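In what follows, subunit A forms one complex with subunit B and a second complex with subunit C.
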Partner chain A sequence: MEIRKFVFKRLIEIIVIFFVILTVLFLLFRLAPGDPVTRMVDPTMTPEDAAHLIAQLGLDQPIWLQYIYYLKNFFTGNFGISFHYGVAVFSIILNRLPNTILLFSTSILLSAFVGIFFGKIASWHKGKKTDTWMTLGALFCHTLFLPWLALIMIWIFGFNIGWFPLNGMISPEIWLDSSSGFWLKFLDVAHHMVLPLATLFLIHFGSYLLLMRSSMLDTLKEDYILTARAKGLEEKVIRNRHAAPNAALPVVTSVGISLAFSLSGGALTETVFSWPGIGRELVFAVSNSDYPLALASFLLIATVVLISNLAVDVLYAYLDPRIKY
Partner chain B sequence: MALLTVKNLSVGYHTRKGFLKSVQGVSFSLDQGKSLGLVGESGCGKTTIGMALMGLLPDNASVTDGMILFEDQDLLKMSKKEIRQVRWKKVAMIFQAAMNALNPVHRVSEQISEAILAHDADISEKAAMKQVESLFDLVGIPQDRMRDYPHHYSGGMKQRAIIAMALACHPSLIIADEPTTALDVIVQDQILSAIKDFQNKLKISVIFISHDIAVVADVCDNIGIMFAGQLVEYGRIEEVFDAPMHPYTKSLLASYLTLDKDVVQLNSYIGETFDLINSTTGCRFCERCSVAEATCSLVAPEWVEISPTHKALCYQCK
Partner chain C sequence: MTENRSIQISNDNKRSPKKFPTVERFLEGWSVYKENLIGKIGLTLLIIFAVMAIASFFTPLIDPMYHPMTGVDPDISHSTSPSWRHWLGTDFIGRDILCQLLAGARIAFMVGISAAFMSIFLGTIIGMIAGYTGKVVDTLLMRLADMIMVMPTLLVVLILSSLFGQLNIWTIVLLIALFRWPGVSRVIRAQTLSLKERPFIEAAKVTGASHFRIIFRHIMPNVLPLSLLYMTFRVTSAIIIEAALAFLGFGDPSTVSWGMMLQWVWKTGHMFQAPYWLLPPGICISLLTLSFYMLGRAMEEVLDPRLRKEIAQE
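On to the complex of A and B.
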């Protein structure tokens, strides 16, 4: 099958690109200002102890040897120990990743579905009041500044009305209590998620709505829509069966890209809401020169971006029979 | 009895420059099982007439006058729902742009059965598919290509599929708007013979729109020559070909008879485009007419009957 060949080819490409990134990251971290040793090494240590620690970390070796070790460790799944937390980087990432995925895939998929739905309706009522209000609303939401909106949401719904927690993802008292069941924990997370989810939703759904609307308007000019109309099909059928599937294709790409970049791009949201995700960890790691953690986070982001691009291509081929690879 | 009678049809488009009168006072009628060719150069209003017959004129168009009687009912007075039931069930259309007339994300067979299912509430999907199979046989596409997507088809096959689609609900009238223009010459002939074929077998009336008089000569019983939104000559094909009356028809035929096909098409694009927004009071063909008289540019000519079936819009015919 052609698609299998294509995926295979792309996977090889991805692996090559990945190693280039791996190497560049290695070099960047060695050349970057801010010496990790001074952070790690307590100034009150004796010079002997400090030298011992440096040797233990391998930082006294020549750079090419460090690179070899780095590769070896990578292949054995050893991403090192976080300078800050003192535990394996791998376990930190494993712990944060699901939180990011939970928040961002929910918000992106939700806003995409809502955006596609209303974009379709807006395009159908082009030039009428429905369209005008929807487009204006979408534009307004689209141009909102995320941290500002986040703070407003927290201030109104968290602080003033007090419906939702100000930040965080869980209430420790519920999770530490061994008698709490699954549903209680689930509701607790959902409760914490409402504000960040609503913020992300408001920021994103507008762009999906506008994208779907303009894509629909283009599609409605196509000859096959005229054919569908000439066939005597109902307008609803024309819209849903003949226009929307074609028009949604660019939105799918956009969703894929957003999903890919949510790992890193979500840092701002995660920080404002103290959401314990990868993005916030990355910012923290970089600003504290926690190199092993930062490096592993970067690698993870690179991998996700590369893989999701491939996933979007494959999905596209499935949705649009014209696409051949 | 006439299946279709178009009386004094006038259609215009609201444009930024003004109201563009693209069809003015066009009348003709068509009997069951007969075919009519509408010929004229690009922009003379042929597609506009076709779209008006389908009730598919774009939003900026408005019908300013006339009626379209189909089976004694005025299509222009029908509600949206009523006209939807006439579309494809009674009047089907083969469009000018064959290449994109099929939806790329649905299988060809599905797009055809969709038309059948939309107009027959009682038929099962399976039975509709069976009908699609026989339609494919009729237009000469192998049945194993049925489930393909449109992009797997060549231009000729796409146009055959559209013809199959047009025949799907057994309409009494098919409007074929330049059905071969986008195709290469050999395929053009194949499509033309496919159209002649179903015309003979199924006795369906056809309005055949073309800018190429040679194509129409082959397929039609009657011919209408159009210029700048008006019908200028109308008659049985042999009458018009043997004794053309209007100077425009004469020039079209002269180039058809003396030159080869390609030149005729090219030739018919030459000439000033008529100003359809600020139209003159006199004969519209005046500026291009080699036998024009002084009155021609002042007073519009009226129809002259040459025989009960043959008429022309010109002073010279008296």
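On to the complex of A and C.
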């Protein structure tokens, strides 16, 4: 029951935060120099189409009505028409979202697992050479400048060695060929995903390793570890069964907290690798002054961050029964 | 009258058996710090970058063609590989890459330190106020912090630059500071909450010290070391955000930053032909952020006696 109450409270909080973000964006779009109509309506449209769109978005109404229209449009998925693509923004976003989720969830899961695994080893060898080198290596990976690492990856593995494609997500010739089956397409996407995945992995796993290491060191001082030792359990059992699961908890929370940071990194990775995801679409839209698309991509990313934060909170409550709300 | 007495008490508070407590504390901290391998590497790197930043002021004096932004080698109109004249080669219009690299160090320090200072300033004050006042103010400030914390700073700045047009470097610094205070304020708030219950705050209250005085005279000196520690991490994130922004093409076009250099090499299609141009800026950004990060981790051990003891035992 407790946990249900907590989730409910967090949900309310998230909804409030969301409305505040929506409102701030609305105000920014109206306060920024220039006319909101030119910002939401493609200048190349015919006057009739433009008038229709203006009426649809409520841009001819007083400002408080505009705000209501804006909220209504948001919840019905009507974000206007993209200047660049000339189609509804919503359909573009919907089309890009799975690509971002695919790259992102894979990279986060992979780096968290590997980071936790090596962090455990580093903490066990504290003060020895293994630990020093792992900590230094993790620090080094963690502070690499992401877009540069992406360029280097492309330069080495894409251009010089030629193992992986330079950019994109699919090879058109395979996807246009009706005879290619599911597995071929799957392998094609996987092949394209290796380099962006490796980039994101290298950046993130270091921070998980360092976190797991320090969390593990704290856990090893707990009384129950002493008890386990007194019982004469093997060190390996103590490490893997008693200490590691508890030490991994803060790492789980940090996944949620660092999500905003990783999404920025995701946008950079997607841009450099031309991975057709939301982040790249946002960068692209901002460069082209495609305001409807930029606004919608940003709101979507904000939504994803908020929902994932909630998911992490719930997961944490589920994983750690000691937590009381 | 009450004012005088509170001064008296605060002086008593500060008096310690040693003559110069600040100097003593600094020397003690330094003796711990210099034992730390990571801290030493970090500090050495940082000094190298500082020398680079200072050197950037002198390059245009040698020859106008060594000016990072406007200096073009009259004989070169395309990117060339390293030579005696240009140690790291030239970019696509014949500007010296080494000079740009040095100027980039200056910009990185400027952006990193000023943005970090501002965000720490905001974060410390907001954290102290939230922790000390409690109740509604605390809730409001912390919810605001939560809200800002979930926003990806880079993407927020991107959206703002799409609305307000080209941002200049100081606007970028200001925006980074405005979006990076919440983490600090949370830590400072927690620290303030525990300080608030200590007897010396009680004593200050009894002597009639104002809230303003308690916050700035009694609480602030105690949270300042922690703020300083967070500043090193904020420097790192500010440098990365500015570089990423410049890399994507939304930087200040009148500055030569490392992110800008990477954008030039990427956008002009030289990344496969000119490793001498692609490698240096990225290595510099990575190493500078690494050195600040190492500095922070070493400082953490100086400030947290628990961590220090562990090291002493080994």
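Rule of thumb we're sticking to: the second predicted complex is superposed on the first by the 285 of 325 C-alpha atoms of A that agree within 3 Å, B and C clash if a C-alpha of one lies under 4 Å from a C-alpha of the other, contacts with A are read in each partner's own complex, and residues count from 1 in each chain.
Here is the rule we go by: contacts are C-beta pairs under 8 Å (C-beta built on N, C-alpha and C of every residue); 3 or more make two chains touch, one makes a residue touch a chain.
In this text the structure is predicted, and so the values were computed from the model without any measurement.
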Subunit A as common anchor, with subunit B and subunit C clashing or fitting: fit
Touching partner for A:242 - first (subunit B), second (subunit C), both, neither: first
First, second, both or neither for A:267, with subunit B first and subunit C second: second
Touched partner set for A:223, first subunit B, second subunit C, both or neither: first
Superposition-derived angle with apex at the Cα centre of subunit A and sides reaching subunit B and subunit C, degrees in steps of 10: 70
Between subunit B and subunit C, more extensive residue contact with subunit A: C
Partner chain in contact with A:10 - subunit B first, subunit C second, else both or neither: neither
First (subunit B), second (subunit C), both or neither touched by A:84: neither
Contacts of A:139 with subunit B and subunit C, given as first, second, both or neither: second
Touched partner set for A:231, first subunit B, second subunit C, both or neither: first
Contacts of A:191 with subunit B and subunit C, given as first, second, both or neither: neither
Smallest distance from any CA atom of subunit C to any CA atom of subunit B, in Å, after fitting: 6
Intersection of subunit A interface sets (partners subunit B, subunit C): none
Subunit A partner contacts - residues on subunit B that touch it in the complex: 54, 56, 84-89, 92-93, 95, 97, 99-106, 114-115, 118-119, 149, 151, 162, 165
Complex contacts: residues of subunit C adjacent to subunit A: 37-38, 143, 146-147, 149-156, 158-165, 236, 240-241, 243-244, 247-250, 262, 266, 271-272, 275, 278-279, 281-282, 285-286, 289-290, 293-294, 297, 310, 314
In the complex with subunit B, residue positions of subunit A that touch it: 222-224, 226-234, 237, 241-242, 245-246, 319-322
Of all residues in subunit A, those that touch subunit C in their complex: 13, 16-17, 20-21, 25, 28-29, 32-33, 127, 132, 135-136, 139-140, 142-149, 151-152, 154-155, 159, 217, 257, 259-261, 263-264, 267-268, 271-272, 279, 282-283, 285-287, 289, 291, 294-295, 298, 301-302, 305-306, 309
